[in-house]
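Both complexes below contain subunit A, partnered by subunit B and then by subunit C.
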Partner chain A sequence: MIQAILVFNNHGKPRLVRFYQRFPEEIQQQIVRETFHLVLKRDDNICNFLEGGSLIGGSDYKLIYRHYATLYFVFCVDSSESELGILDLIQVFVETLDKCFENVCELDLIFHMDKVHYILQEVVMGGMVLETNMNEIVAQIEAQNRLEKSEGGLSAAPARAVSAVKNINLPEMPRSINIGDLNIKVPNLSQLV
Partner chain B sequence: MSDIVEKTLTALPGLFLQTPGAGGPAAARAPFSSRLGGLIRGITALTSKHEEEKLIHQELSNLKAAVSAPTTTLKMMKECMVRLIYCEMLGYDASFGYIHAIKLAQQGNLLEKRVGYLAVSLFLHESHELLLLLVNTVVKDLQSTNLVEVCMALTIVSQIFPQEMIPAVLPLIEDKLQHSKEIIRRKAVLALYKFHLIAPNQVQHIHVKFRKALCDRDVGVMAASLHIYHRMIKENSSGYKDLTGSFVTILKQVVGGKLPVDFNYHSVPAPWLQIQLLRILRLLGKDDQRTSELMYDVLDESLRRAELNHNVTYAILFECVHTVYSIYPKSELLEKAAKCIGKFVLSPKINLKYLGLKALTYVIQQDPTLALQHQMTIIECLDHPDPIIKRETLELLYRITNAQNITVIVQKMLEYLHQSKEEYIIVNLVGKIAELAEKYPLFEP
Partner chain C sequence: MPAPIRLRELIRTIRTARTQAEEREMIQKECAAIRSSFREEDNTYRCRNVAKLLYMHMLGYPAHFGQLECLKLIASQKFTDKRIGYLGAMLLLDERQDVHLLMTNCIKNDLNHSTQYVQGLALCTLGCMGSSEMCRDLAGEVEKLLKTSNSYLRKKAALCAVHVIRKVPELMEMFLPATKNLLNEKNHGVLHTSVVLLTEMCERSPDMLAHFRKLVPQLVRILKNLIMSGYSPEHDVSGISDPFLQVRILRLLRILGRNDDDSSEAMNDILAQVATNTETSKNVGNAILYETVLTIMDIKSESGLRVLAINILGRFLLNNDKNIRYVALTSLLKTVQTDHNAVQRHRSTIVDCLKDLDVSIKRRAMELSFALVNGNNIRGMMKELLYFLDSCEPEFKADCASGIFLAAEKYAPSKRWHIDTIMRVLTTAGSYVRDDAVPNLIQLITNSVEMHAYTVQRLYKAILGDYSQQPLVQVAAWCIGEYGDLLISGQCEEEEPIQVTEDEVLDILESVLISNMSASVTRGYSLTAIMKLSTRFTCTVNRIKKVVSIYGSSIDVELQQRAVEYNALFKKYDHMRSALLERMPVMEKVTTNGPTEIVQTNGETEPAPLETKPPPSGPQPSSQANDLLDLLGGNDITPVIPTVPTSKPASAGGELLDLLGDINLTGAPTAAPAPASAPQISQPPFLLDGLSSQPLFNDITTGIPSITAYNKNGLKIEFTFERSNTNPSVTVITIQASNSTELDMTDFVFQAAVPKTFQLQLLSPSSSVVPAFNTGTITQVIKVLNPQKQQLRMRIKLTYNHKGSAMQDLAEVNNFPPQSWQ
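Right after this comes the complex of A and B.
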């Protein structure tokens, strides 16, 4: 079972905090800080598995983390989860974020914190892994987004117009004209009329 | 030309947002969509914790006024709620907002309900008094015809739900087990699993339905039911031995590639599913020869197939090895597993080394010769720069202490103790040294 999922940046600022077990507020903050200190000490070429500190439950719990650019993704799990499996689950989660946000970066996580929570809810529910297939997760999120667009009403009309036009297949204009050939063909003028 | 069209398209939304449209004054509309952005930008511009506290306290008092004002629409409440979530995440108390989160989940349209439920799951906990107010909403949403609402209700049920109210929603969720949509059945299975964890006696009567979920035509539902079975088999393995055949069949099909291509992760078929099944088989086959015999083929097959060089295949191999050593032993399988452990321990990849050492700790009781084979590597690991590997090696050595090597081992442990600064590791290690000292009282550390 997954106890907690934490995402924080290189300075320890929390970007996403989700606990699947009840801890009082101050303990939650302490756990985030402690996890950050534990994880910061690690180089990039050593084990991704850490025994949890004294706060988060003792010897049965492990911290499995991955460092991407400026963010640390930490999953705190108990012994019933496979370590390498969770490592790959973190990868699936990050790839899904990438797909939903188009080249995700830390700013996306900061400014769309609620969307990140919704995506996480499709992957892990109540501490158990619900879905590991990236396409399925994205499909669920798309279904919710579609509802968002349809509920937007008048103020969403420009957004819909934009996406509708974007989806039209405009004919490609030739980017470069090759005049190496001396037999120049007369261009078809009818399409410019 | 196409880049010009692209530029126009991306500029359009900006142009539209700037012009004040119908419905609400422009001053109220435009800033709200970027209030969270404004708050965050404000925080990042500050340099000290003290200033951050001041800013957040001010933001919180603004929010307090906003949420209690009678003129606040639900849409504005939604924006406020996201900011409240952010403040709570940073550690500041926002309990005045809890009741409004519940109201938002009750009264809002779909989007507002989503934010309301999210806020409730992040703010409250199972024994919070306010949670009871949510039960009616959850019941209503479970019966809704809108699939997204049902999904949201099921999600909230498995995140937090008061124990006393389980009987109120139990029949509705059982109903959902037969829903035509796969995602709803899957979420219902996990919600029932949560109930089993907090109140097992109330879900006794639906074990038959769990069996149906196991044989469900959709793989996702079957995978969700495995969580439940893993737990129940852990508590009482003898009651489920008859299911061994089904688990073995499922694993055979997964390994044989019978699942739809969607489930492949880096060309490995459903790795997490395989890992889960292997764990269940491990629990079923422990100390039981007849049941173990059913598994030998499929374990052999898994060991053979997981030959690719990706993290996930190593995960499956590790589980296979662990299972092979836990169930009733079979010599060919043990040999293959020993070879695998060898590969792990000698691997340059550090995660694999760690797992190899871990596997050796399991194996050591049954087959001490394996440790001797890899003696040199183990000794190298003792001086490894990574403290986690060192600790794992010490754990391993602790299990293979005998009268000859105890002095050396305890010496190494003491060295590690001097370097380590984490309290609970020190406590752990001191306990081990004390145990060893008792077992071999004639040797001075």
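Right after this comes the complex of A and C.
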């Protein structure tokens, strides 16, 4: 079982923090910091397995990590997972991110933290590996994104509508329009602006 | 109220902060804005606010006020809201908050939603953080979804079921029918999660394990298809078809095949096939191979397959990739117990790994090296290990030193070599040696009598230059104290003797006493050593007297006490001094009790080994009890031999299991170790009630026939019985041992064990010699408590020395007369 998945950059700033076991907040942050220090010490030609720090659990747990450019991807697993398999899983996850974000870089992870979580949710669920087929994952993510978009997305449609109205140049608004018999009273739109 | 800023804006703003304080300020401002927005119950922007909150949570700021908002989002109809709401629930909530129970209804509804992605979200959340109550409520829904044909939902339901089973193991049976068709799926995602589900069920319940064994052929078939099928682009990872699924199936096969011959046989072929056909150039291939090797080692595979597996591991060791080497070392460590010889073949590679740069690999190699040391390779291995000790990181030194000591003890080819090795360890890693090693070493040195001169000379030279390494100094001080006369005599067979004067020796000991680097314990050793030298040295006694009297007013209480007592030795008890400070006798190795307290004695008391009183027959107490335990292991009988219900459970096992229980109910002083005498008060009241206030033989129920319990080789043991009227569950048995041969039986030890429902108490025997020609007997009293009035049965073990050889016998006594227990 995977106990935690952490992604942080070369300075220790967390980019993705996901725990599959309950820890109080301060402990979570402590774990992130401790893991960062452990991983930073490692040379690049050393094996990718670390016996974990003291906080994240007993002797059964290992840290398996990979270093991509400016980011460290760290999986904390117990003995029921194959170590080499997890290395491959990290690769699959990163490649999926690459497909979803088109040449993913750290900035993508920073600004789309929620999307990264959704992608991770399709790969690992409840600490166990759910799906490893990249195309399958990407297809599902895109379907869900489409669903979200049709509802207006996270930013919520009203924002766009408001800004659209703001940009309409309305130097003078007729207060009432008289066309023959029709008498239309134009509401005052200034409140919306 | 202006619209809350978007997540992107927030992130951008926070990134412009140049210091931690600035960042904190921005976040606090935003939190305040979010809080007021929540208060306004604004539906449109709630999702945005929660997203921002989650971002701030990731950076480490408190976000608990958003928990209820997540629930509101989950209840909303929009997919966007649900998505972020469930994410927030998973990140912010857990079963410790009561709030999470409110989710149950929402999840229930969403599990039956028309949109599969909503159902997926609900399954995901339940599978991540569902509490046991939630799982109990919703297990039915999950089970339903496990049978659906929608593969997206099916795989999620499988993992959710795993979580439910972990939380509420009793619900496992509920998922059993749904598992029937799981392996027939074509979709690899569902297959993968199904195998995970099956693995979990098999690990939790042996019944399930037996039930699922019949799936082995199907699993083998799936695995075969994966290997044989041609290139399939969707599951391909570096040329291998769905390695994750292969690894999972191999793991499940391992669990199913363990301890089961039929399943193991069914798997043999496919395992051999995987082992030989998998490509090893990439990590994926190695991952599969590794899993195969683990499976082969775990099931009952044939020997050819096992050799193949170990050879694969050997190849791994030579691989350039560090990860592979690490993994190989780990699995070799697991297999070294069972397939020792095969692993020995790779010893040289393993020893090379000691020189690797990688800390994890070094540690593994060290552990494996210690496991591989045996009588044949001890010299070579020790050289490598000592070299490793020199150069390794400090975190390893303690473990390495302990390991070296153990290995040296077991396999030392000669005493000289042993002592040399110890010296080497002490001088190179002296400060990392564990504290318990010091007494062990001292005992070892004492026992190698012919090496005393050599040892003390080397130790003296070692601390001459540098006395900062405490364990080294302690051992050296002790030895100089004991063998100082050898040191100054200038005789040494093993190496060039050095010329040392008495004053030089005292100089060094005194500097240890004064030095700031010496620990209090070390100073104690030193002072005692100086004192001992007063009988071994001739010209410097006055100097010693002076030193000792100075420390009579030391601030350190321990030193002060010692000094005062030694002073007294000089003054009032001078006639006893030489006798007390005599050379220590060779000590019995009492392995069970761990290090005996040798040196923390005051000058006057006897050397400690006599205190622990090893039983007269020689073998350690616990091994005697172990023998009995072995005998009785099969039946329901346990040797309940609580001579004392010790109030010190942590005390050394030897004392507890000392069957010659020194407790005398009448309270006569015994020579037993101190802890044994203390709990006389806390003895089981029922035994005392019947017997303590009245003399033993007052309430006798006369007329119980005595029996001959044992009669062999001239040794006869008779049992006579008494019952207590006041306490009818107690039977007092007096045994009499007589010897009809023409030679005495010495060191006679009688032990007994009874079934679990009884309690037994052995009192001290009258002596340990059974004289010949029936001229006398040994009597011993046994008290048996039989509350359930069951038939009395007993197993007895006798050990004694007769005609120059040690004899041992076991017997069962079944002929107890009914009056003795009814």
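Just so it is clear, the second predicted complex is superposed on the first by the 152 of 193 C-alpha atoms of A that agree within 3 Å, B and C clash if a C-alpha of one lies under 4 Å from a C-alpha of the other, contacts with A are read in each partner's own complex, and residues count from 1 in each chain.
One rule holds in what follows: contacts are C-beta pairs under 8 Å (C-beta built on N, C-alpha and C of every residue); 3 or more make two chains touch, one makes a residue touch a chain.
As the structure is a computational prediction, the values presented were derived from the model and not from experiment.
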Overlay on subunit A: subunit C relative to subunit B, clash or fit: clash
Which of subunit B and subunit C A:Glu131 touches, first, second, both or neither: both
Subunit B versus subunit C as contact partner of A:Asp114, first or second or both or neither: both
Shared subunit A contacts, counted only where both subunit B and subunit C touch the same residue: 14, 16-18, 20, 22, 25, 28-29, 43, 45-51, 82-85, 87-89, 92, 110-111, 113-114, 117-118, 121, 125-126, 128-133, 135-136, 140, 143-144, 147-148, 151, 154-155, 158-159, 162
Subunit C - residues contacting subunit A, complex: 3, 6-8, 11, 15, 44-45, 47-48, 51, 54-55, 57-60, 62, 78-80, 83-84, 87, 91, 94-96, 115, 117, 123-124, 127-129, 152, 155-156, 159-160, 162-163, 188-189, 192-193, 196, 234-235, 237, 242-245, 247, 251, 283-284, 286-287, 290-291, 322-327, 357-361
Residues of subunit A touching subunit C in the complex: 14, 16-18, 20, 22, 25, 28-29, 32, 43, 45-51, 82-85, 87-89, 92, 110-111, 113-114, 117-118, 121, 125-133, 135-136, 140, 143-144, 147-148, 151-156, 158-159, 162
Parts of subunit B lying in touch with subunit A, wherever the complex brings them together: 1-2, 5, 9, 12-13, 16-17, 21-23, 36-37, 40, 82, 85-86, 88-91, 93, 109-111, 114-115, 118, 122, 125-127, 148, 151, 155, 158-159, 183, 186-187, 190-191, 193-194, 220, 224, 227, 230, 262-263, 265, 270-272, 275, 279, 311-312, 314-315, 318-319, 350-351, 354-355, 385-386, 388-389, 391, 422-425, 428
Touching residues on subunit A, where the partner in the complex is subunit B: 14, 16-18, 20, 22, 25-26, 28-29, 43, 45-51, 53-54, 58-59, 80, 82-85, 87-89, 92, 110-111, 113-114, 117-118, 121, 125-126, 128-133, 135-136, 140, 143-144, 147-148, 151, 154-155, 158-159, 161-162, 165-166, 170, 172-173
